[in-house]
Structure formats: C-alpha cells, structure tokens
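Both complexes below contain chain A, partnered by chain B and then by chain C.
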Partner chain A sequence: MDQNRQGARASYVALAVFVALWILAPSAVRRFNREAFVEFQAPALHLLGKSRDLATFWEKKSRSVEEMAAAGRDLARVNAALEIQINKFEDIRRENVRLREITHYNVPAEYMSVVARVATRDSSSWWQRIVIRKGRNDGIRPGAPVVFGNTVVGRVTAVHLTTSEIDLVTSPGFRCTAYLEGDDQNHIVLVNGVASNSLGTAKARVSVIPRDYSIPAGQPARVFTTGMGGVFPSRLILGYLDGGTYATQVGNFKESLLVPSRDLYNLQEVSVLVPLHQNPGEALMQGDQFQ
Partner chain B sequence: MKESSDTRVLPSTPVDRLRLYGVFFFFFAGFLYVIGGLVYRQLIQSNDLKEQSDTQSRRVVLRPPARGRIYDRNGFPLVDNRARWSVKADLASLQKEFRAEYLRLLAAEKAREAVSIDREKLMEDARVRVLQGWLNKVWFVIDETNRNTKGRNWVAKLTPVTAPAERQINIDELRKHLRERRALPFTLVNDLAFPGAGQALTADDGTKSVARFIEQFPVEGPIRLDQDNVRTYPYGPMAAHVLGYVKDTDMLPDNVDDISEVRVESMQRLRYTGKTGAAGVELSYNNILSGRSGWELWTKTSSGYNQTRLKFSEPEQGGNVMLSIDYRIQQATESALGKLKDPQGNLLPAAAVMIDVHSGEILSLASQPSFDPNRLADRVSSKYYDEIEKTGGWLNRATQGLYPPGSTFKVITATAGMRKKVVDWDDVLDCGPFFRVGNRDYPEHEPVGYGEVNLDKMLAVSCNVWNYQVGLRTGIEALAAESRRFGLDAPLLQTISDMETGGLPMTELPYAASRGLVVPDRAYKLRIGAGAWNDGDTANLSIGQGYLLTTPLHMACVAASIARGETRTVPSIIHSQERTGRHIGSVPIGLNADQLEALRGGMVRCVEEGTARVARIPGLPYAGKTGTSEYFKKGEKAHLAWMIGYAPADHPVVAFAVLVEGQTDTNTWGGKTAGPVAKEMLETWWPIAVKANQDENSKAPR
Partner chain C sequence: MGWAWLILLLATYPWLLGADLASDALASSSLIFFLSGTCLVAPCRRLKRWQAVLFAACLGFLFEARRPIPDGVLALSLVAIAIFLSSNRQLLRNTPGMLRAAAVVNVSCCLIWFLASSYGSPSPATDLAGQLFLQLLLAGIVGTIGLLPIALTQNAVLDRLSIPPAPDNP
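And now, the complex of A and B:
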C-alpha cells in the first residue's frame, strides 16, 4: 500500500519536474522539440497520403473493363480539346517571345512552381489547414502562395524538412487584397478567412466593398488577386461573392462572403509558387534581422 | 433495559417556545424585508436600475456618414471618398512585451548603478521602444524601396534615428492616448495609402502600400488593420480653392437626437470624430454633403472593450453636388498658370476664370499658388499648414484677391463716356506722349504717343491719354456710377432661385468677395481721410488705377456682360440644365448699335493686331483687352498683368479674365504675361465646344 502511494507520488513529482523543465527550458530547446515532433510524425503523414493514393489506385483498378473503356473514351475527348488549346497557347507563347525579342523586353520569372501532393487535411474545420508532401528540402519557403490551376488555395504558414502546412483561403490566418469583377474603378477589397465552429461551414469574408458596387447581372462576381501586395500574382481567382448575404453593410462599406471556387477539401495536388526573391513579409515570418 | 442517553428527548418548556416564536418572528421579518426589497427593486426601481445597468455595460459608437460626392459639369468626380487603412497596436496584447522591455531596462539601470531610478520613465521608455519596434516592422513591409541586398540580411533604408517624424513614435501622442483613450488601440500609421505626411503618393503607390501590409504583415499578433472613410480629391490640387477641404469635428451630428431607442446622451460613448466642410464648396454645401450619422449599440467587457453589437443604424451618405466646372478646362487653366515663374523658378501668384457668357456658370476658376486638399483631409501637419501660409496659398485670388484692374477698366471708361455723350464711337482725339492734369503730366505708355485715336484704336493699343481725356470729361461721379452699374461694388452672390438650381438652396459662392471691393468717389476719399477728390484721381481711375479694387471674377463678369450687351452677370458654381440666363440686376448696356459694335470691334482688334496679339488664335477670332497696372510689393513697384475677353467674337459663348502678380524684378505685361494663359484656356475650350455643338446637332430631329 505504502509502496503504491510512494510510486504514485514519484510519478506526480516526475510530471511536475517535467512540466517545470518544459516551462523553464530555453525557447530554442522547445522549438527544437516541436520541430523534432513534426519530423517524427512526417513519415506517418507521408505514409497516410501514399496509402490514400494506393487505395484510389486499387479502387480504380477494380473497375470493370466497360467502365474503363467509357472513361477512356471521355478522356480522349478531353485530350483532343486540350490538344487544340495547347496548340493555341503555343502560338500565343511564340508570339509573346517574338514581341519580347523585338522590344528587348526581358521579364525574369518571379516564382518557381513546386507541385506537391496533399498528405492530410485537418479533420476539423477549426484550423482550415492542409499538409503537403513537400518541404524545405524541395525549396518551399513560408509565406509562399499555393494555387491549383488559376485558383488560390492558400498560403504556406510553416515549412518542415519534408512537409509544409498551408492555411487555406478560409483560414482565419489568411488575408489578401482583391479586385471584384464588375468594379471598373478597381477598388481594392480585403479577403480574410473567418473562424467557424467545428461543425460550421468554412468561409471567408470580403470586406471594404464600396457602397456603390453592385454585382454584375446574371453571373456570380469573381474575386481576383490584385498582385499589388508582393505575395500573390495578379488575376488569380480567390472565389465568388456569395450573393445571398451581400446586403450586409458595415460602417460605410459593404461586406460579403466568399465562396471558394474549388472544393478545398477534395484537393489531391497543389502548386506552391515559391518567390525567387524573398519579400519583407517572409523575412518577418522567419524572424530575420533587419536594422 | 437501559435507555441510551443520546436518544433521550427533553420536554419542552414555555420559555423555549417563547424563544422559538422570537426566532420565527426574526426570520419572518427578515423574509418580509427581503421580499419587500425584491418587490421594491423589481416593480418600483426596475426601470431606473435597468437604465443604470445599460449605461454601465453598454456603449454607443457613432458612425460618421460618408460625405456626398462633388462632380464637374460632365459628371466626372472631383471629390470622392476612399477607404482609409490604418495600422493600430492593441496595447492590451502588448502588456507582456512592455513588461519584458521594462525589466530589461531596469536591469540595465541597476547594472549601471544609477543613483535613482525613475520607474515611470522607464515604463514609458519601454512602451516607446516596443511600439517603435513594431512601427519599424510596419515600415519595413510597406516601404517598397526595401530590397534584400545581402542574401537574407535585410537593410532597411531608414533607421529610427534619422527617420522622418512619421517613422517614429510620437511620445506626446502616446502619453495623450494613454491618458484619454487607453482602452482603444494606438495608431501607428494613420493612413497606409499616405504613410509619409511629407510625401504625396500616387494612387497606385498608395494602393501598393496598403496591399503590401495586408498580404505581407503577419495576421496574428498585436498589430491590427482598421478601415474607415476619408475624403479624397482625385485630381489633387486642381480646383482646390473652389472645392475647399474638410476638417475634423467633434460636434455630435444633429440626427443623434432621433435615436430614442438607445438614449445616446445617457450612454457612455467613444469620442465622436466626424468631418465637416472647412472651405469652398465643402463648406458652402456642407448641409447637403454631410449625410446622416449611424450608430451602433455595444455591450462592453469589464476592461472596457466592445463585446457584442446589439443594435445598429447605418449611416446615410450625403447628397451629391454638381459643379459648373469643366475639369478639362480647369486642368488647362492651371497648367497654363503653372508655367508662370519668376527667374528663381518660383510660381508667380496668379488667377484665371472662365465663365459661360449666357448662364454665368463658371467653367474654370483657378488661383495660384494652391494646396492639395488631400493633405488637409485628415491630420494637417503644421509644416504643411505653414508652407501654404508662407506661399499665400490659402487666398483664392480669383474671388478674394483685390487688385486695381488697370487698362481692362478702359471698356467701362469708354462706356461711361459714350453714355454721357462726351465722346462717340467715331470721335478722334489727339493723344500725345502725356496729358497734363493740374500741374502734373500723366504719361502714355508709348513714349511718342499715338496721335489721332478713336475708340477702336484706343482699345487695340490701350491708349492712356484717350482715357484721361474722356474720364475727365465724364467726371468721377459718372465713372463711379458706371462701375457700380457693372457690379464692381457688389458681392457676387448665388442669386438663382431654387427651381433653377434643381433644388439646391440659395448660397453664397465659395469665398464670395463681399468685402474690400472699392469703387472710389469723392465720399470714399474723404471717408478714408485722404483729402478731397481731384482731377488727378479721376485720370487715374479712368485707366483702372488709383483706389479702384476689384477681383478677377468681377472682371470676367464685366467681359461676359459686354458680350451680351448688358451690365451684370451673376456667376454660379453650380451646374443646372434649367438655368434661364436671366441675371438679376442686369439691364441693357445703354449704347447704340454703332457704339456697341465699336466697343466690341476694338476688343477684337486688340487680339488681332493690338496689345494682345501674342494670344491670337488662328481660326478663332475673339475679343480681348489687356491691362498692366502697378502695385507695390515690399515697398517696390511691380506690375499686375491682366487680360479679359470673350470668345468667339461673333457669337460669344465664354468670357474670361486672367491676372498675374508680377515680381519687382520681372518684366510682367498684360499681353505678354497674361495673354498666353488666356490663349491656352481658349485653345482647350474651343474643341470641347465644337464637339459639344456637333453632338447637340446630331441629336436634333431630322
């Protein structure tokens, strides 16, 4: 009985010592521990993502020949349409190169694109965050925009050796400037994610909309990036204005909700646009020294 | 069987019962007291208590409305509202940082073995250092000139020691904020689009500055981004004197009394800061532009922060005002004035006005030097205020500037002479190099004189001697009466009825020149103690010199009146399609057809071959009259250059007046200095008028 009590007391003491050590430990030690934990679980995340890919592969492989033939036929049609588009774009690219040569206009690329598979996503909608299977080793840096096609997915918030965390457009930690379709004067509006409860629908808010702005008739108004903030390239689609809640007015501006244009929870693959030159915001995120 | 002591029941006694009743009574009285108190609180005091509770736990936030827009006559916005983005530090979230910095400073003081440590000063230093650190980070992000020059070692361009004021924490402002508004965030950058008070950013640069902060600065943390409305003048200093500017006001808007639901006056409220017109149209039409304030009713936390919005009423934007200004002509006018510089390259003070001959609507009204109302729309730096003061930029020279009109007045002298029948349109006077009045020779500006001069030639060459003779024959009383007939002594009021202005109230023109106008006569000279009137004074007045003082706007109206063959033109700054062209107080000029023809012909000849020939426009014959009057600047004689006129010559549409204040060491003359400004104004107006005419014709039914 006494031995048990002593054992229990010893474990309480050990716990208290551990907690005290953790509190008193230098921040570098704590950061190292956190990083070590993330790296420790990274293989598990990779395995999870790959096993999902494998499951998808076997699920597709188990389909009947007829289904595959139909899918193949559909794919051939899509391929044919895309071939035409590729040829058209190739013509435009050549014309672009020719004009640049004539005008001696040489604009260096500003971003390096890193394609990454989605490893996992947070099951709750609290954090609005996904993890991808590329990290520091692949040249990804914090603050880089993440896109799928011409649609913004979010921004890199934390980078580890082989994985990176991405705040989605609907995350409260996401903020960017945007133009609204149909606003001829190109007022900039603010888009930021909204914290929602665990069962709520993820959403983003579009604020500082001019009072005299009205949605173009007959179509949902698209919301584009401005390209002025030095993070996102211009004219990427952030989503659409939700017409239903559009009438909300705050202060002397209007507010609306943003409907993301991609289903952010079914993403399999994204592109990280890593800027070739570090911007001040990135330096702040990394805690760089400046005078 | 032995009875247990603890189960034994003691018999009650009468004394015990009495005590029991006493206890019952005590509890009953207490119960009654509690119930009574509850009833009193719930039924009698409930309203007062609820109000008291609301007052303590709720707060009203008044929302100033967006002001209405101001458009030019074609619907281009001259004044608008834009979103202002400001960066604020949440002081409550920074408490830990303040404390850590304070302890660090304290340790340093102790290590220095300081004799006495002022802990309050240390705490203030800690706050300033922490906030300065965050301000540096904000500037680090928004300053586009920052480049990563050394790999990952950033070198921000300005360090706090050498930085301008806007990059440093203002200790006095911080002290005031902590004293008066501690619960509210502290403003680090008041306007991200114009972060440097001393630098004017283009709209594009301003937007970039906002966008860089939004996208690059960390979302989490103690630094917040706030938005509100601020007045914006898209064309900067253009028409600044007409448009005016706005200033802060802490006076509660009138409509607040209507908020019966929340009884604003009894609630605690944050300091209200709205905007009100301070000058120009912003001031004259403030009641239309102001709009209606909104309000929000909030619950607040024990620390004083807003918690939940309970009720609200949206602010209503003010009404719009459409001015008669055409921004294209206004731009051209200001551009032409901007070319007038002294040998040191400083802008010459000047003014120019163009009005519609028939309606009196002002198409352009410019005064130089000017100011940028964008820089006055929010906090005005004393440096900028002093800068405007020093250059004389506050004065609207077109409507407030009082000047002797010089030879442009000769059209009135001629009219007075012909109306008094002391001279006719075809009379020829002998005009030598001077004219003797009393014992003094009054000179001609041409050393050898002009010989035989009639009205036509007088206006073309601006002969002084002709006017001395006619002025003396006419007499001071008739000259003064003629000046008054043309309205030179009258303040210019907006005297158009509500119907004609589309519902806008009768209002004074911005800076209406109602004071200081002088049309001298015998009584005037006696009144100012300058002695009796003499013939020399009359000779001076006949060429627009001496005591006579008027404004460029008045002289533009004189030109418009002559173009219509009338005496008065009532100018208007408000555009209205329904304007009738009826000018209150105007009567026919009182000259016969030949006389009027000769007066107008002389003005046309002035442009074609006379003193204004430098301003001739091929293909656009127009009438003009130059003037070069003298004034004293810092005790030395200097010239005022004038030109008035109307165009086109055969069917007048616009009239104009240009005035330039010459410097003592410059060669300033009416035709040479003011002429090119008039020419540029007309060259801009002419194609616009031709196109408008074509559009009008194409709309006409065929």
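And now, the complex of A and C:
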C-alpha cells in the first residue's frame, strides 16, 4: 500500500515537472503535437464525410422514376430562369470589359476558388466551427474567406494537410467590417461573433451603428462586407439585422444582432476564396492559426 | 503488454468519433457531446499507471486537437485524474462506483475545457451560467449512460490482449 502511495506521489511530481516543461516549451513543440493529433484524426473525418455522401447517393438512387422526373422538370424551369440571368450578366460583363478597355484598367483576379465538402460541424459556447475536407495540399491558406454563393460563411482558422477548420460568422473569434443596407452614407460598422448562451441559433453582434441609422421599412436590413482589410471581397452578404437596433451604454452608437443569411449548420459544401497573393492579415494569422 | 494502451486507444477511437458525430448533430444548440472523461474510467482499473497516463494524455490531445482550447489543459487534467484513479482502484471495484466515477470525471473534465476555452476566448460573454449548466448536465448524463458500452468494448479488447485485472498496487 505504501508502495502504491509512493508511486502515486512520484507520478504527481513527474506530472508537475512535465506541466512546467510544457509551459516553458517553445510553441513549435505544442504546435507539432497538435498537428500530429489532427493528422491522426483526418482519415476518420474524411471517411465520415464520404460515407455521408454515399448514404445521400443511395438515398437519392432509391427514389422512384416519377419523383426524379418531377425533380428534372423543376430543374429545367430553374435552368431556364438562370439562363436569362446569365445573359444579363454577359451583357454586364461585356460592358465592364469595354469600360476597362477605355480606361486601360486591368484588375487581376484576386482569388482562387476552392470548393470543399463539409466533413463535420463542431459548436459550443466558445467556438462555432466546421471542418472541410480540403487543406494545405489543395492550396488553402489560413485567413482565407469562406463563402456559399454570395454569402459569407466564415474564415479559415487552421489549415492541415487534408482538412481545414473554419470559424463561422457567429464564432467569437470572427471579426470584420461591414456596410448596412439603407445607409446612404456608407458608415462602416463592425461585425463580430459572440459567445453563444442559448439553445437557439447562434448570432453575431453588429456594433458601431450610427445613431441616425434607421432600418429600411418592410424588410430586414442586409449587412454587406466592405472589402476593406483585404480579407473578404466587397458586397458579400454577411446576414440580416435581427429586429431593431438598441443604443450602447455610452449612447454614441447603436448595436444590433446579426442573423446569418444561411443556416450555417446545414451546409454541405462551401467555397474557399484563396487570395492569389498573400496579404498582411494572412501573414499575421500564420503565427496564430491554432487559436 | 507495453502497447496495450495504444491498442486500447485505437479501439476507443470509434466512440470518440461517434461523439463527434453526435456533436455535429447538436451543433445548432452549441452543445458538445463530451465522452473523453468516461473513456478513461474503465482502463484505469486494468492498465498499469504509466499506461493509463499515456492513454489519458492521448484522449485529451485528441479532443483538443481541432478545438481552440489552450494547449494541454484537458490532456494534463486527464493525466492527473488517471494517476488518481489508478492509485485508488478501490473506488472502481464495483459498477455503481464506476458509474459514479464516470459521471464525476466526465463533468469535471467538461468544466475544465469550458473554463479553459472561456479564458482563451477573444470575446467576453455574459450570462453563460445556463449554457454551462446544460453542457455539464449533458456531460454527466452521457458519461453515466455511455460508460457501460464503452467499458464493455474496452474490457473485451483488454481480455483479448490477455491483460489481467490490475492488482491494487500498480
């Protein structure tokens, strides 16, 4: 019994020494350790995502011919509507090219789009994240914006070999500047995620709203990215203002809550917009990519 | 057998993956299906202390790997719990004792990662008591209900590896 007690005491002392060493160890050691455990789990996450895709495939394959025919008919209608839109965009593109030729202005395509499937979602009070099945091997870099269509989903926080972690718009670590719909003077407001404290849908906070701003009547006000800071392209939709605005404690500005424009927990696929050239914010994130 | 802890970890991993899947389903409610503490209880009865320590550390690091929790907080806490449990095996002699230990360990570990995350979080939060209570309640229930199937799996693996029930003095 004494031997047991002595052994336990020795183990506690060894643990205390290890804790001290762990705290003093260079961050590279801790990062390597974390990366090793992430890579250990990556194949299982891929398998999980792929088996989910397979289940969806078989579920769809088991549908009746009538159902498929109805779906095809609906799709054909949607395609017809989209074709009209494409023609409109083609006209706009032509005009854009013509104007650029006039001004001799050549804008480089700034982003490369990488489409990725969602492997798993993970959410608590302190983080709202998704893991996608593409990583460093596919050219994804930390800090890159993640979108679905023209709506912002979040930002890449950590990149591993074959997987990446994305902080959603509602995650406490997320911050960006935005414009509000209906604000003619284009005041810049700040959007940041808040720690979730309810069982309801997670939301973000919109702060620094000018006092004279009033929400357009009859529709929820949309919140757009500004394009400043070099992370998000401009005019992407972040979400909608939830209800009214309320004055802050100081009273100089107003605040409101932001409802994401998509159900972030039902996304199956997202696009990562990887900047072709590294921006300063991205370089800063590389030293901090695990937090 | 020296590698028993690693084989046991691989055998336990599907349970952790299942917990991740359940967390995925619970994502819209901001709750995590936490099982790491429960997975530690049964092995502490039979593994040697150093093996239990390595097993606990890996369990903790697996949970921390993809989450913004300060490095090593949960893993080292689980190691301390593993040392305690493997030094006090009389607490785990019967099923009620194990169930109690599973609930306590799982809830404690859940509290540790929640507080560690709040410490490391970039934005302050107010009125989180309700959410913390729900998370701890879920951890307690999951820890208690999950213990029996997990312990069955782990014991089957340890039996196959011919690991005898550990003596009181490790």
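We take it that the second predicted complex is superposed on the first by the 245 of 291 C-alpha atoms of A that agree within 3 Å, B and C clash if a C-alpha of one lies under 4 Å from a C-alpha of the other, contacts with A are read in each partner's own complex, and residues count from 1 in each chain.
In the analysis below, contacts are C-beta pairs under 8 Å (C-beta built on N, C-alpha and C of every residue); 3 or more make two chains touch, one makes a residue touch a chain.
Just so you know, these numbers come straight off a predicted model, no measurement behind them.
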Worksheet item: Between chain B (first) and chain C (second), which, if any, makes contact with A:His46: first, second, both or neither?
Response: neither
Fill in: chain B versus chain C as contact partner of A:Phe253, first or second or both or neither
first
Worksheet item: Counting only touches as set out at the top, which of chain B and chain C does A:Gly173 meet: first, second, both, neither?
Response: both
Practice prompt. Considering only touches as defined above, state whether A:Leu190 meets chain B (first), chain C (second), both or neither.
Written response: first
Worksheet item: Which holds for A:Ser11: it touches chain B only (first), chain C only (second), both, or neither?
Response: second
Discussion item. Let me test your reading of the model: by the given contact rule, A:Asn33 touches which partner, first (chain B), second (chain C), both or neither?
Written reply: second
Discussion item. Between chain B and chain C, whom does A:Arg117 touch in the aligned arrangement: first, second, both, or neither?
Written reply: neither
Worksheet entry | Of chain B and chain C, the chain that contacts the larger number of chain A residues | C
Item to complete: Go through the superposed model and pick first if A:Arg136 touches only chain B, second if only chain C, both, or neither.
Response: neither
Response to the item:
Overlap of chain B and chain C contacts on chain A, residues 172-173, 192, 290-291
Worksheet entry | Residue ranges of chain A in contact with chain C within the complex | 1, 3-5, 7-8, 11-12, 15, 18-19, 22, 30, 33-34, 37-38, 40-41, 44, 48, 120-129, 131, 157, 165, 172-173, 192-199, 201-202, 265, 290-291
Worksheet item: Any idea which chain A residues touch chain B in the complex?
Response: 143, 172-177, 187-188, 190, 192, 207-208, 210-211, 226, 228-232, 249, 251-253, 277-286, 288-291
Worksheet, complete the sentence: Contacts from chain B onto chain A in the complex sit at residues 63, 65-66, 81, 83, 136-137, 140-141, 146, 148, 152-156, 159, 207-208, 210-212, 214-220, 225, 227-229, 314-315, 317
Fill in: Contacting residues of chain C [partner chain A, same complex]
13, 17, 20-21, 23-24, 26-32, 49, 53, 58, 61-62, 64-68, 71-72, 76, 79-80, 83-84, 87, 114, 117-118, 120-128, 130-132, 134-135, 168-170
